[in-house]
Amino acid sequence: MPELNPQNIGLSASGLLLFRGERCLLNHLALRVAPGEGLVLRGPNGTGKTTLLRVLCGLTLPEEGDVHWNGIAIRQQRNEWQRALGWSGHKAGLKSELTVRENLEFAAALAGHRPGDIPAELGLAECLDLPARVLSAGQQRRSSLARVLLGNALVWLLDEPYTNLDTQGQAYLNACLDRHLAAGGIAVIASHGNAHSALGMTEQTLMNGALQ
Amino acid sequence: MWTWFHKLASPPHAYRLASLLQPWLFWLATALMAMGAYGGLFVAPSDYQMGDAFRILYIHAPAAYMSMAIYVIMAVTSAIGMIWRIKLAFAISAASAPLGAWFTALALASGAIWGQPMWGTWWVWDARLTSELILLFLYFGYMGLRAAYDDPNQADRASGIIAIVGVINVPIIKFSVDWWNTLHQPATISKLDNPSITADMLWPLLVMIVAFNLFYGAVLMNRFRCEILNRERNARWLPELL
Amino acid sequence: MIAPVWLLLQREMRQSFRRWSDLISPLVFFVVVATLFPLAISPAADVLRQVGPGVLWVAALLSMLLSMNRLFRDDYEDGSLEQLVLAPQPLVLLVLGKVLAHWLQMVLPLLLLTPAVATAYDLPAEATWVLLLSLLLGTPALSLIGGITAALTVGLRQGAGVLAVLLLPLSIPVLIFGSRATDLAVTGMDTTGPLMLLGAMSILAASLAPFGIAAALRVSLD
């Protein structure tokens, strides 16, 4: 284990290059998010916000460049990185036949910790014991986010988390983000809408494969 | 060594090298093929059992040999591509697949033509031919999987996995088919295991095998260049070169 | 090392027993395919006894092919596959649990049904035992190899067709040894050789295939 350079702590990426067909989605993109910092990715549909998040979490392999966690490329320390990572994607990731509670318990076991209490503010109280297939879109989003919000991941990567949430849900998410960042966590969010995000987060726009 | 390796992995360099090698390989292959064909048709004596029909061996055996060798090349280049993230290795694998399938089809067709006078029918479930047929299916699987993916990077890695799985399976398939065959047809005449092969018969065969290898190399270089052009169509070095 | 396997096994079992109708169709398919052959060839007992081992093995293989297409598809579509791949657990063990669950749900019931179908093909009791044993030893290899091909085709629109082209040639050795072992038992010969080879192939597949499945899933999610 090389000694941790304070400049390296956190999530960073350098030289990310990715084509989808003829289009260059990431053009030698670089970014750095230090502990306690949050980044909101803005930009119209199709600019590659989701792709960038998938590259950051390690699902998509860039053609060139690497994503680093505490200074080491994530593909060289997959296990450490995935222990730090909480990912909520476009798809909810819920098994339709299992209840919300069972889904969350499974997610907790998968992440290697005991399932905690489910706070009332999450707004899932009345559907905890219903199978996930009967949930509304907003409830599904809440359940999917709950997996990250109630876990103990250091890095939250959330793709369009505000979609389908009502104002109360958005406020709760922002409160969670504030608490997470205040505790030294990291968050990267993709959001095309104008739902205003948590206070301490910087906004950047993804355009032509680079952050502006 | 490593700088050479990296230079080779750069598309413009590989493209130039392929263009340079291609005519040499092609003319050498043509010359050796003419020599092997002359040796096989006029120098080698008739077989006392099979008469002149055995002369198709000079097509069948090299084709069968190439069909296996190319599958191994595909698996090895795919593994190199996956381990060191070298896209050109995948390009060789992708460019080789249709060639391998063609050699396999040639081995099957020449085997069937050979079988006609020997067995009185175009197809028997002979162990060698059956293995060759299954190998053709493996090639189809590889090419079908490549074609089904839209994204070339995904196609490279997915087909690379199936090439490696296939190459582990080829000996198992061959063993099982041989075992199956001995249960059913213990009396087929084995073609290549003929111990009475004379030097006059052998040298044209060896020349043909070398010629087929060179021919594969020549066509591969052309296909490899097409793969590079297709993959690098947006690259800056292309207009300079062409 | 067992924990991730067990975790997945538990989830798969719980969830598919709530949708038990999905478990029925491979079984029905198996029986229907086995019914087609006497109708298409001949109902004569000596003919059936001769083709029975091969037909039942092919029927089992096709039934597995049918269910294999679903192995990762639901997880891929609802996004839980992403969660598995990004979980801080060895993916190799998670997919092993997944394949094990699939085998228990889709193949084990098939084995329970086999004696009845074997009776309809007039197989002697001895041969039926060998058939069962050969399926028990050989189908894990098919599940594991099928897992690789299912993982490679999970993201494709025309996945089912490509899956068949990939999987069927790779399953030929298992098919040969499985049906031949039963065949040898019908004629009263020694069957230990092919049965041991089947077991060896399953062990080989169990030690190598999970790595292939894990790599293939990463490609499919790219």
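Brief remarks follow.
Going by the order they are written in, the chains are A, B and C; count residues from 1 in each one.
One rule holds in what follows: contacts are C-beta pairs under 8 Å (C-beta built on N, C-alpha and C of every residue); 3 or more make two chains touch, one makes a residue touch a chain.
These numbers come from a predicted model, not from an experiment.
Path length between chain A and chain B in the touching-chain graph (shortest route): 1. Look at the CA centroids: the one farthest from the centroid of chain C belongs to A. Think of the whole protein's Cα atoms as having one middle point; the chain whose own Cα middle lies nearest to it is C. Centre-to-centre, using mean CA coordinates, chain A is 47 Å away from chain B.
Chain A and chain C have Cα centroids lying 37 Å from one another. Centre-to-centre, using mean CA coordinates, chain B is 32 Å away from chain C.
The set of chain B residues that touch two or more partner chains comprises 151, 153. In chain A, the residues that reach two or more other chains under the touch definition are 61. Multi-chain contact residues of chain C (touching two or more other chains) are listed as 222.
Residue ranges on chain B touching chain C, taken from their complex, read 82, 134, 137-138, 140-141, 144-145, 148-149, 151, 153-154, 157-158, 161-162, 164-166, 168-169, 172-173, 175-177, 179-180, 183. Within the complex, the chain C residues that touch chain A are 7, 11, 14-16, 18-19, 77-80, 82-90, 218, 221-222. Residues of chain C touching chain B in their complex: 145, 148-149, 152-153, 155-156, 158-159, 162, 165-166, 168-170, 172-173, 176-177, 180, 197, 201, 208, 212, 215-216, 219-220, 222. Only residues 19-22, 61, 63 of chain A touch chain B when the two sit together in their complex. Within the complex formed with chain A, the residues of chain B that make contact are 150-151, 153, 234.
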